[in-house]
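By letter and in written order, the chains are A, B and C; residue numbering begins at 1 in each of them.
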Amino acid sequence: MPAQVRACLTGKLAIMRERRPLVHHLTNYVTVNDCANMVLATGASPVMAHAPEEVAELASIAGALVLNIGTLTLPWIESMIVAGKAANAAGAPVILDPVGAGATRLRTESCLRILESVKVAVVRANAAEAAVLAGLDGEVKGVDAVSGDARAAAQALARRFGVVAAVTGVVDYVSDGQRTVKIENGDAWMARLTGTGCMASSVTGCFCAVEKAPLAAAAAALAFYGAAGEIAAGRSPLEEAGPTWPEPRGPMSFKTAFFDAVYRLDGERAARMARASEFLK
Amino acid sequence: MPAQVRACLTGKLAIMRERRPLVHHLTNYVTVNDCANMVLATGASPVMAHAPEEVAELASIAGALVLNIGTLTLPWIESMIVAGKAANAAGAPVILDPVGAGATRLRTESCLRILESVKVAVVRANAAEAAVLAGLDGEVKGVDAVSGDARAAAQALARRFGVVAAVTGVVDYVSDGQRTVKIENGDAWMARLTGTGCMASSVTGCFCAVEKAPLAAAAAALAFYGAAGEIAAGRSPLEEAGPTWPEPRGPMSFKTAFFDAVYRLDGERAARMARASEFLK
Amino acid sequence: MPAQVRACLTGKLAIMRERRPLVHHLTNYVTVNDCANMVLATGASPVMAHAPEEVAELASIAGALVLNIGTLTLPWIESMIVAGKAANAAGAPVILDPVGAGATRLRTESCLRILESVKVAVVRANAAEAAVLAGLDGEVKGVDAVSGDARAAAQALARRFGVVAAVTGVVDYVSDGQRTVKIENGDAWMARLTGTGCMASSVTGCFCAVEKAPLAAAAAALAFYGAAGEIAAGRSPLEEAGPTWPEPRGPMSFKTAFFDAVYRLDGERAARMARASEFLK
């Protein structure tokens, strides 16, 4: 595992849980409650606000800003850009979740507008969304990806916009266009819930609020998040030599266990569970 | 049980779970997360989007469109009509949930506008809402029904607008104005949660996406949904000769079990549990 | 314990659960589902609606109106004022939750506008929000309080606007400016979930719908709510001599248990668990 990712897990997570930085969200109303509870469980403080009159004030005091276009409208995109510029001015990292990019023209164009107007630190997307934004071919079925080479999409997206691209799927790829980290944590139960992509973006925001290097922050976030998923699925124990949790009865049992696991997972255990490997290009 | 309802449960549910059709929602922000997770658990793919610039694009690629007025505003009604017309043009069935029709003038009038502008396949309502829209007397207390003859309301509503009316309550009635199916599945725990009506509409959308006959689709959806409620309540085993689930400790334990039961209930078992009977007029 | 608080718990809760009064909310989209389910579990009927065309109609038939500015915009504030005036005209008590007052100018000014335009019965806030609205010093970090003398803030806020101020934290203080009730129920798990403040406001709305005296209603609501939290945390049995519930595994297990406990907790047991004491000034 890259040393920076390990250091982020073993050092920065504890700092986050002590400082509890604000993570400001402009996000969709479908999964917003889950994102807020996920931020709390990870160890930061969520604030959700979108009014144009206040977003700059909040973004400028936040540790990170998460822009998620899941239920976008044009006025929300305007607010996102105002918030993003304020975060940029204040030095707070901006995370973009381009939910459904490629599914409609409005989504694709709104993402491109945000990427051109705001300095985005991390784009957290699925392979299809990343491929569309990178200008590669890609099929997008609603808001769920059905195809695409995740690694190539991450690298192309990172290079095109000078961002860190965190592309999640069965295997996650986090790339700054030069270096790419492959992460093999997570569990199939995560795909059976709505909002696991949105929450991955929120957790990335939490880690970016305490780790300046977005590549390490995003990779650590996804390894941590995936490791918690494995614990919740009953595949790995929460403690090194402890018992595994019971197998979920269904997706909502898994959801309960997942939030509980995120809350209880510490950085040392996450670092030991992380399956992250770095390779050039 | 009507043969078409049985065939829908034993055949179409499996097809849904393989194809995972998009079910596009314009719905309220109170229960939208539950609706999304319920669609996933049933076996389809939820997409929630309301921006006027994109609803037609999404509705035209969806397997079904669900319009739920729970937290309506005038701009949302406009978007619903745009989406509904696009779904009509693409041949995708439209499901309307007239939440709180009769409670305010805005709600009643908005439903009537939708019913006049869009070809609706199924109206999924409670007895009071159905009675108001059918032009019968009915008392409506907020968004929960307190009175009304469900069967008469279903039949009258179906005839007035040429729709299938799926009226849910202790006993459900699904009518096309000629044929009426009575469904006696479900459990009292379902009334102790917000959103069980909304989710019934979403599940109806899932079945309509794979079954062309809306009467059979709606009846199968409600039998399936109610059967899952019985399993979650600890009254029926998930498997023919299996153990029953533990009795819920309260409404939130029931909610967890309910989503898990929907996810795990297959069509064969649902068909055996269904208490659906058809009678003329 | 003040006799009026005890009488509210032992008498009015049962009346609420029989009558199930409407509690109309204009609230944020982050915790709205939790608020609706919490109102149902407590024993009333939630209705969430914000369209300017219908809020007055609903507020005028409601037992109480809850205004929560968590995700405010200017149009929502307008709707809140329309609804508030209609509730005032109909004699329904209005509860204000000034989420994040002090965090942005928009929030502070919107609360002051509401307090000047609408006769508010109870302001349910944290110490920092209350201090800001009372004109005292106070630091506000996002939407979570970090400082402030809760008792002084409650008293000052109550006097400034002629309201009952219900200020929640590790210890709650409910004051009408003359009399102040101290409530020492609750559990640390409640702070690890988003929306426990919002839900406290909703439960206050439920009690205000059946108890005319807002000081007693708010104090009873917070004692009831905190007692349910203790049961859910596994610290007190639900029944006098019964077993305690299992300790939560994490915040989402706690959440499930919390709603279940609210649903199952009756007024007699709540009155015996309540740690409420009154003192002058």
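What we mean here is this: contacts are C-beta pairs under 8 Å (C-beta built on N, C-alpha and C of every residue); 3 or more make two chains touch, one makes a residue touch a chain.
Note that the structure is predicted; figures quoted are calculated from it, not measured.
With chains as nodes and touching pairs as edges, the resulting graph is complete, every pair of chains being joined. Bringing chain B onto chain C by least-squares fit of CA atoms involves turning it by 120°, to the nearest 5. At the interface between chain A and chain B, under half of the residue numbers appear on both sides, which makes the contact a different-residue one. Centre-to-centre, using mean CA coordinates, chain A is 33 Å away from chain B. The residues of chain C that reach two or more other chains are 29, 33, 256, listed in rising order. Residue ranges of chain C in contact with chain B, taken from their complex: 22, 24, 29, 32-33, 36-37, 40-41, 45-51, 53-54, 57-58, 61-62, 245, 255-264.
Residues of chain B that touch chain C in their complex: 28-31, 33-34, 70-74, 100, 103-107, 141-144, 192-195, 248-253, 256.
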